[in-house]
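Read from first to last, the chains carry the letters A, B, C and D; within each, the first residue is number 1.
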Amino acid sequence: MEHHDAYPYSESPKHFCGIAGIFSKKEINIPEKLFYALYSLQHRGQESCGIAYRKHNHITTYKDLGMVTTVLSHYLKEDHPSHAGIGHVRYSTHGGSKIENAQPLVATCNKGDIALAHNGNISNSGALQSELFKEGSIFQTTTDTELLLHLIARSKKAAFLDSLKEVLNMVEGAFSIVMIYNDKLIAVRDPYGFRPLVMGEKDGTTVFASETCALDIYGITDMREVKPGELIVVDKESTVSLSYADPGKYRRKAHCIFELIYFARPDSRLFGYSVHEIRKKMGQCLYSIDKNPGELVIPVPDSGNSAAQGYAIASKLPYEQGLTRNHYTGRTFIQPTKAMREFGVKMKLHPVKEAIKGKKLTVVDDSLVRGTTSKTLVKLLKDSGAKEVHLRLSSPEIKFPCFFGIDIPTRKELISNRLSPEGIAKEIGADSVSFLPLEQLKKCVKNSEDFCFACFSGEYPVDIQQAEKLQEKEK
Amino acid sequence: MEHHDAYPYSESPKHFCGIAGIFSKKEINIPEKLFYALYSLQHRGQESCGIAYRKHNHITTYKDLGMVTTVLSHYLKEDHPSHAGIGHVRYSTHGGSKIENAQPLVATCNKGDIALAHNGNISNSGALQSELFKEGSIFQTTTDTELLLHLIARSKKAAFLDSLKEVLNMVEGAFSIVMIYNDKLIAVRDPYGFRPLVMGEKDGTTVFASETCALDIYGITDMREVKPGELIVVDKESTVSLSYADPGKYRRKAHCIFELIYFARPDSRLFGYSVHEIRKKMGQCLYSIDKNPGELVIPVPDSGNSAAQGYAIASKLPYEQGLTRNHYTGRTFIQPTKAMREFGVKMKLHPVKEAIKGKKLTVVDDSLVRGTTSKTLVKLLKDSGAKEVHLRLSSPEIKFPCFFGIDIPTRKELISNRLSPEGIAKEIGADSVSFLPLEQLKKCVKNSEDFCFACFSGEYPVDIQQAEKLQEKEK
Amino acid sequence: MEHHDAYPYSESPKHFCGIAGIFSKKEINIPEKLFYALYSLQHRGQESCGIAYRKHNHITTYKDLGMVTTVLSHYLKEDHPSHAGIGHVRYSTHGGSKIENAQPLVATCNKGDIALAHNGNISNSGALQSELFKEGSIFQTTTDTELLLHLIARSKKAAFLDSLKEVLNMVEGAFSIVMIYNDKLIAVRDPYGFRPLVMGEKDGTTVFASETCALDIYGITDMREVKPGELIVVDKESTVSLSYADPGKYRRKAHCIFELIYFARPDSRLFGYSVHEIRKKMGQCLYSIDKNPGELVIPVPDSGNSAAQGYAIASKLPYEQGLTRNHYTGRTFIQPTKAMREFGVKMKLHPVKEAIKGKKLTVVDDSLVRGTTSKTLVKLLKDSGAKEVHLRLSSPEIKFPCFFGIDIPTRKELISNRLSPEGIAKEIGADSVSFLPLEQLKKCVKNSEDFCFACFSGEYPVDIQQAEKLQEKEK
Amino acid sequence: MEHHDAYPYSESPKHFCGIAGIFSKKEINIPEKLFYALYSLQHRGQESCGIAYRKHNHITTYKDLGMVTTVLSHYLKEDHPSHAGIGHVRYSTHGGSKIENAQPLVATCNKGDIALAHNGNISNSGALQSELFKEGSIFQTTTDTELLLHLIARSKKAAFLDSLKEVLNMVEGAFSIVMIYNDKLIAVRDPYGFRPLVMGEKDGTTVFASETCALDIYGITDMREVKPGELIVVDKESTVSLSYADPGKYRRKAHCIFELIYFARPDSRLFGYSVHEIRKKMGQCLYSIDKNPGELVIPVPDSGNSAAQGYAIASKLPYEQGLTRNHYTGRTFIQPTKAMREFGVKMKLHPVKEAIKGKKLTVVDDSLVRGTTSKTLVKLLKDSGAKEVHLRLSSPEIKFPCFFGIDIPTRKELISNRLSPEGIAKEIGADSVSFLPLEQLKKCVKNSEDFCFACFSGEYPVDIQQAEKLQEKEK
């Protein structure tokens, strides 16, 4: 599967954002430093990106629709010395791009100026927003980020940190947050640890980012996860770690398993696992239960790569990139004609006929959502001479919505709610389709109790009644 | 003088915005219609412009930094059928352009979705914002427009219109407003009538705009002013006019005399006067008391044109455009090199040497603020051979700040607070400088008691204690 | 009338280009210096602009569609030290903008690298191009500039200057040229002196430009015209002036009278005359023969300004700007909808109703071409209450095409070929229309034998048989 | 290795262009159709792209710097019905992008209007250009394409096709060409067949393209190579194939082996071979002679993928993508700061530490040019814990320049001219480096006598004396 872009060609749920924050004891060109992190996190969101940093006691923001290189290149021609800044890449939602929703958001309130960038989804935002509406709040965006700013401003606590802690105990769901407040850089992770957030240090500079790949680019080796329920405040004097969450209330972790299955970059390490290695393991598991392995393993690039490699190693079957991917999609390309829009997956994935002709193919992808692009893909492969196409997904059947930051279609649209694997195979024209069973997936991670598998199992780690109602109403 | 742009070359206070609203009984291409009005109001603000209109029960916004033709041309390639929309042009402030401040602002609150565009200045915004801060509101812009949205949302009145009326009685100062709420277009003018707002009708379409020039472009002849303290609600069924203001509280009008002196376009009619005619009259008055009229009347283009023509007609002196103005300044031009920034007024105004050589010039402009560009101008004229330069301003000496929407520098920077006309003449190198005395200016309008002359007299029509404190603090 | 742009609203022939060249003994930021000149010449062409200058023994070119401030601002952020450069602004032709036609053109040939910018029209280009076609030349643009480069390259003369002189004696018609060749800046004017070209010096820097307004901006006072038939070569060692033209062949000058009537900026001095002063004189002449002067003189801004002032001074009638012009047309604005295109002149010119109501108007413009926009204009004025509209043109009736650089419509489209002044008045709805008779116009200049009046008289200073045939064929 | 872009991170020679041409019996939206082909050929050039097509008997061109989706998206919003068009993608050269060099080039000459797009390199261009210079030709670009247009125009043959054939026998070297002339689409391939060119037909539409991947996207199955020395003319009536080349002169083919090694897309079929399959074979050969295969095969993505897969299959070693590639480089990104430029390969390639830690790696890439980026890469891998790094190149040592369209550095810069494989290993820090020996490479293709291996062997199929001299002089 693939991170959402102009030519959706692969089956996968969509995701929200990537965040980064930097604090330096010496003044450095913060926007340039943020650029490296955001560029490394680009796979987490291509719709818009932005930065906010402190300059002469004010917070300066620069954000626009577009990818990191496009939005920031021009801005980076000038030097912007600063101590602290945060950045954000945002995922391209269906409904059209709104510059208003680009982050970081900056607001002035009774506590002062705050810049905030957020990755996740507040599952009780509906109730909280209703409350705020009643009290007369106005919303200029449709982001949870604005909700967080409202709540901080509303807090009766005098001290900013006390307000923040109060708010962090009000909101439920998934949130990894970086903020600038006065001369401080603040990072927070929700008590369940749904979304990743890592921190690293090097030469007096502290960096927070959604994934380790954004720390690697600085050559940072001294790094750790921000812990679930941890709040870290960095300023010139110190780096202070607090535990803000009520220990009675939060008794478990709930790392999003989909970060490992699909969202994160293969070279990142999240939740204690190497993304590439865990995917390979999923591929190996997939083989171990496969009653009908084909003759040739091919991945759906790039989302199926690591799992396919794991499958190939375990099965000793040959591995080939039987599908070539065209990466040259400019950000501005929004298929101007109807004919082009209908081209869809054919613009992106191209079968290597000679490699697949006459072969029984084991095609490995990470997940299956609607089944529509897989149907096109299977047809492409068959038209190119594949003798058999066996689709293997390195995750279980997706049957339930996510309230913690993944954009999964409604239940009706999820093919696994309509059809059995056999039914799916028939519908998409594959010779067989099989999924990694949930119990197998759980075995891939040592501490499966620390993960959220709700999109597969429907067992939510948090009471999502409200969120569910809200979603129903919206749809 | 001139409306603020890349090459400030003339002495004048700066101004804030222009607004427009359109309601049509039939669905029409509202963005295109708004274009005409905003294009006509471009002189009231060149920093940013925007529109908001209802499409499928949602409010769609389109705004950006830049001038009307640049921002909207591309958008207008598609048809956008709608019943109602509002638009805004925003003045270029010194501190740098912020897309966040572009209007209209759109917010969702307990009353529903509201789009609002505003021209003016809330003089008690400081107190109101403090109150809102205390209650936990967040501000994402630095506009009074956001304040208005907050207050409407906060109102405990159940009905939207009741809330709006309540808010309009809370805010003080200058405001001409257009709004979209549900299927209604709403227009409001403050009880003093500081800023202009006119309405017109033609063929089932109702148009509101800051100046009549924006109605003329539609060929509308049926027009009137929105009255001070009037609130007009237009929908498919009716156009309802309400008087929202407490008649006990507001006992006078306070039209901004500077709209007539400088801001409005010469072909507009405001406050019952033709702008061109009243400026001509100011020029005539200026002559009537001039003890030393020169040999040739030249205007500082374009701000001094009408007054200079009045002066010339009254004096029977020849009138010539002894200064040529280069209008080809692109919006994006922000003098990339230091050398270019220093060129300043020389980039814009060019003396016609042959016209002025050896002549005693009467140079007519509308007002004098800091005196710096006038100094350059006088030098240009003298270097070009002018025998004498007599600067005549068609307004009195500006000595006081404005709290109702004009961006006048601090008292210290106002040259008339430092120097007498003779002192100014000496400082800027002119042979004489004289102003239109306040009593003469008052005679130019029949109903001078209905105008605000506070920037000249310091007599504010509204208690501006709070506003003054706020301003002091900011500076 | 007006220099061609997005909203053509005024009657006037169109024109081609403006050129500039700079040579400095010390290395300076040539592109920045060229900017000032081109910005001052923007009225001569708004379609595209460009510069070429020598950097490290290579010629660097930077050009694009758009106005000077837009095209060059970004480029000027960096310093580009150089000794010599040339620049060009190009007029917006009807057929659509072609980046390929933007100048300066740069070519490599047997003589080396040459950059060339050209203002004018080669009247025997058809014959010369046919010849070149026969010999196998290819043309990548539709400019005379490319023709000149071809001819220079073809010359059998060994020395570049000899080639150039040979070519200058082959081409006929109007050409003012600036070139870079090796370390030299070269300027040339055709033997008739059709198009203006001036040179000035200050502090070791030599500047050539189409008009003096582009020298004034540098504060240059030491200036003169490049003489008809003069070729000037500037390098570090010297400034050499040559007379390249065969004195037997060229026995007269033929300055384009339309430069004085309309093209040049009022503050420029061309052909020995102040543009503003000569236009005032035309206005005075116009009055002197006017049997029916009205009550109020109003110009069609900005093209009628100076003449209207002359008329007002002579007649002692009041002068008022009864038409306001909206200058805020962005370069990119190309009326996206049909409705907008039809708005035409109404987007640009706005009557000041109060000034003109009930008045007998003398409306002064520079010239009348097709009569279509004048018709709209007269209607606007009448609709605004004008009692009578008397249109006065400060030039004679245009009846003949121009082969020397002015874009005059075909004979059929010229209203003066169809109708008498009385007929025109009837067609456009004016109460009267009158032109400045040719003999009067000739009296305005002392040396009328040195001017080309061909568009009025049909008496061409050059044999234009070929050019005429070519034009016929094209139409 | 990689196709040249903003972050060069891989060792490979650079290449020039991709071309496409379309002829349809019915009028269709030719620019849209060209879009698909050019998008598929984007890997052959990212600097600029352009199209030219016939519209109302004129040739319309649209080209700009940038990638296909960026340049053409906006243009494609309108329908452009036509019968015939050609397109081009151009490689990004070092010296900076020149819009002047973008193709197709269009010229008018004695034969009429011609549009031409070209892939390859004329090896005797120096001599031919000298000749043209002598005769007085001017060159406005630095492309061979302009040379071809000049020669066609110069030809004394009356008929266009005769001229073209004459010219095709004058030029030497590599050229695949598509042209529009009148209502015809013409395609040509040089007699040696250096560069690929294929044609296909479907439903009355004929398509030419550099690679089959650009025909696959239309679903064309009826395709063949344009033969070396073949000239094909397509119009409404017929598709005519001619053999223009003197059979006595051209006795061999000389397909560029580097098209198979690196340039072409894996899913293309060129010179009778599947690109992916032949690369796999090279990888297999590479293993067959490898005395020290490691424990894990990793490719340098994406250029080493297919060969690495072949190596893994042959060796039965596990295959993993131990290097992640960041594809999100916007076209406009030109590393604004020095710090960013120095980041180089680190911006693009990211080691998957867990996969490679403690392993003896066999790293497969296609070729080695300068060795600089490989050095960085090896360091990255070692720093990430690789126990040993054995670099395997699926091509022989590059020691000689190419005169047929590949941009290979000078001999001095080629690392294989300085060092033995052992020396290279030492310099770049690898544990070993080995190349695919030439004789092995030759065995990978059945008909090795039909290929050009000159960059490895120095044995050029064409007399390149002139070209060599020219190149020497330039460097």
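Things worth noting here:
By our rule, a residue touches a chain if its C-beta (ideal position, glycine included) is under 8 Å from a C-beta of that chain, and two chains touch if they have at least 3 such contacts.
As the structure is a prediction and not an experimental result, all values here were calculated from the model.
Listed by label, the chains that touch subunit B and also subunit C number zero. Centroid analysis (C-alpha atoms only) places C farthest from subunit A.
With centres defined as mean CA coordinates, subunit C is found 60 Å away from subunit A.
If you average the Cα atoms of subunit A and of subunit D, the two centres end up 36 Å apart. Subunit C and subunit D have Cα centroids separated by 47 Å.
Contact with two or more other chains is made by no residue of subunit D. Counting only pairs that meet the touch rule, the chains in contact are A-B, A-D, B-C, C-D. Listing the residues of subunit D that touch subunit A in their complex gives 6, 29, 32, 35-36, 39-40, 42-43, 46, 66-70, 73-74, 76-77, 213, 216-217, 265-267, 269, 274, 276-277, 280, 305-306, 309, 312-313, 316, 318-321, 324, 326-334, 336-337, 339-340, 343, 346-347, 350-355. Within the complex, the subunit C residues that touch subunit D are 61, 99-100, 105-110, 133-140, 146, 149-150, 153-155.
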